[in-house]
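Heads up, the next two complexes both have subunit A, just with different partners, subunit B and then subunit C.
Moving on to the complex of A and B:
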């Protein structure tokens, strides 16, 4: 279990090179390119899970997320990639990336390592300066069949899927910053298509993870670090706390 | 029976207070300086006790203001020294001493409060001078010597600082020996006014990532 403190923002495409430069200096670390493929599952509606006392939220159906790293060699079709790669990605498709063959590939082999994640809605409160969310995550070591049959046995079905590609900055203090783009992956019959969600820009996330939600000292320290970063970047990148409802992974009870 | 002035109770009779000899000008000047100083001192204290420390330059500016207010106060005290020394404060007979004993002892107190005594003692100990055994002239001489050392140290610091270049791309040594044109040295730190803008709503993207709601 991890308690994640986070702040978010967004920048337009043109600001990317300067932002990378700025964060490289601030973090004194080079940007690291990353790409993740995420599959979101929801509880199988045919199981007719009783919505007991749904108003008091006693039975809550939560989505789960499986994610795996897309190998950079696949992403760039063998080419050596660095953070400049992101500068060319403003379309619905990533030119060098064959999403169809990638998905067929991970569906057909069982060697992909998946991280299994369930997260709570971020903590409520009017005076919060940052989002504080409980996240449970673990790596699936092995499953008897494919990962989809495993998740099926747990009683979950496909909801939607997306890919995020971006760069990551590791600060010495423990803060991590990400600049990334998000693509929705739509699978229709045999066709796979991608749709760019973050049009004309990048998402920015600054976060600090604390292993125990009871470790108040580390939480305070993390909050201070993030708020300091917010102050340092103010008037350039305005980091903000998002609406907690947007980070809620629960199914809408009114469905 | 007629009342003679000697029979009247001094506590009951209304004695018209005579303010003519009160050094209002001096007291009012001091009151203003004191209130300025206490205001800025309490501001510093508030800022220091906050969880988030203020920027160092804010603190420094605040401190400079406070120090100049302090020196202005000492100047005023110095200016009115004679008047104030010759002034004696006393309570009027009509003052309700029993009801407000605490107030009058506070107002009339001449002795320093223990805290202040502690500060004075501390200052005397840290200056390294044996105030009791030295004569005034000797102390003055020592203070002057201290001032000389201070100005010598300041001069040294300025000399040393002049030997280095704190802006630009070259050291002072390089600029002198390699005769570099000043225009090549045009790197100055600047405040950037570049600002990013959000091309989409962060909340909507988060909503998609967590709930799959496309827009």
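Moving on to the complex of A and C:
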């Protein structure tokens, strides 16, 4: 379980090089290129699932997120990549990346490591300055049979999937910042296509993770670090608290 | 290749474990670490599942296998370790300490899965003989003592035939103690080359004799 404090923002494509430069100086760390493939599952709609468990406690139906690291060698088709790679990514396709063969490989590979996450809705409150969300996580190291068939046995079905590619800055203080783009991955029959959702710009996420939600000292420390970062970047990157409804993983929260 | 077998002796008492040690003592090379295991059974609370399909899911944890959790339903199984792999952490797929999967089931997935049973053994003893690594433990459920569990592990240099003979020898030894009501599940094939598959197989053996 992790308690995640976070602030979000967005920048336009043109601002990317300068943002990377700024954050490199601020974090005193080099940007690290990353790419993740994420599968979102929802409870199988054909199952009759009660709203309460055996102890009569209310348990909402939430989505489950499986994510895995896409090797950069796959992303760049063997080429050595750095943060400049992001500057060329403004289309629905990533030219060097064969998404179809990647997904085929990953579905047939039982040794792929997957993160299994279930997120609670972020804490409520009018005076909140940052998002505070509990995330429950497990690591799937390997599977006997495919991971998909296990998730199916668990009672979940695929809802949607996406790839995010970006750069990550690790601050010495423990703060992590990410600048990334998101592509929805659509599988139709045998064809796989990608659709860039973050057109003409990048998402920015600044976060601080605390292992125990009872560790008030670390939570306070993280809050202060993030709010200081917000002040430092003011008028340049406007870090803000997201609408908690957007971070809600419950199934019928929009009803 | 290492082979595994799990034996479960039902009609015995919690003190059988000490009698067993006396019998084993002539073969004993050394005593090993204490160990523990836990097998949990979860049952789906969804009403309209396929009547031909099993409604149960199991988790197995073994302390001598780094407490990795093996979760099994039908032919599908996953291994969830207690640590985060580097690539996942570096890429921000995982943020902190991972939770055992049985905790995920009984906490976040409790509207679909309800824990029904737990069989566990703690402070078990392990022995090294010339032929085998033998782990012995008393198995308890909520209702009390269930029986004696023995996990047999071959030497990595042994072949399947040699291992099967050694399993048979342990059974004979148990019969000699008047323990003939034994459930056995052991590796039957040469197995695949995957290193993890042995933990899947071992967990399946526990499930077969205890489930």
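Here is the rule we use: the second predicted complex is superposed on the first by the 242 of 255 C-alpha atoms of A that agree within 3 Å, B and C clash if a C-alpha of one lies under 4 Å from a C-alpha of the other, contacts with A are read in each partner's own complex, and residues count from 1 in each chain.
Everything below uses one rule, namely that a residue touches a chain if its C-beta (ideal position, glycine included) is under 8 Å from a C-beta of that chain, and two chains touch if they have at least 3 such contacts.
Only a predicted model underlies this, so the values are computations on that prediction, with no experimental measurement involved.
J.: Check whether A:26 is in contact with subunit B, with subunit C, with both or with neither, and answer first, second, both or neither.
T.: Once the two structures are laid over each other on A, A:26 reaches no partner at all.
J.: A:150 in the overlay: touching subunit B, subunit C, both, or neither? Say first, second, both or neither.
T.: So A:150 only meets subunit C here.
J.: Could you say whether A:219 touches subunit B, subunit C, both of them, or neither, answering first, second, both or neither?
T.: In the superposed model, A:219 contacts neither subunit B nor subunit C.
J.: Who touches more of subunit A, subunit B or subunit C?
T.: Touching more of subunit A: C.
J.: Tell me the contact category for A:113 with respect to subunit B and subunit C: first, second, both or neither.
T.: The second partner, subunit C, only.
J.: Answer with first, second, both or neither: which of subunit B and subunit C does A:209 touch in the superposed model?
T.: Only subunit C; A:209 stays clear of subunit B.
J.: Once chain A of both complexes is superposed, is A:62 in touch with subunit B (first), subunit C (second), both, or neither?
T.: A:62 sits against subunit C, while subunit B stays out of touch.
J.: Which positions of subunit A touch subunit B when the two form their complex?
T.: Counting only subunit A, the residues touching subunit B are 8-13, 15, 18-19, 38, 40, 63, 119, 159-160, 162, 164, 182, 184, 195, 197-201, 203, 224, 227, 235-238, 240, 242-243, 246-249, 252.
J.: Which part of subunit B faces subunit A closely enough to touch in the complex?
T.: Counting only subunit B, the residues touching subunit A are 52, 192-200, 202-212, 214.
J.: Applying the document's contact rule, which stretches of subunit A touch subunit C when the two form their complex?
T.: 1-2, 4, 32, 34-36, 43, 46-55, 57, 59-62, 67-69, 110-111, 113-118, 135-147, 149-150, 152-155, 168, 176, 178, 207, 209-211
J.: Residues of subunit C touching subunit A in their complex?
T.: 44-49, 57, 68, 71, 73-81, 83-85, 87-88, 90-101, 104, 107-114, 194, 196-197, 200
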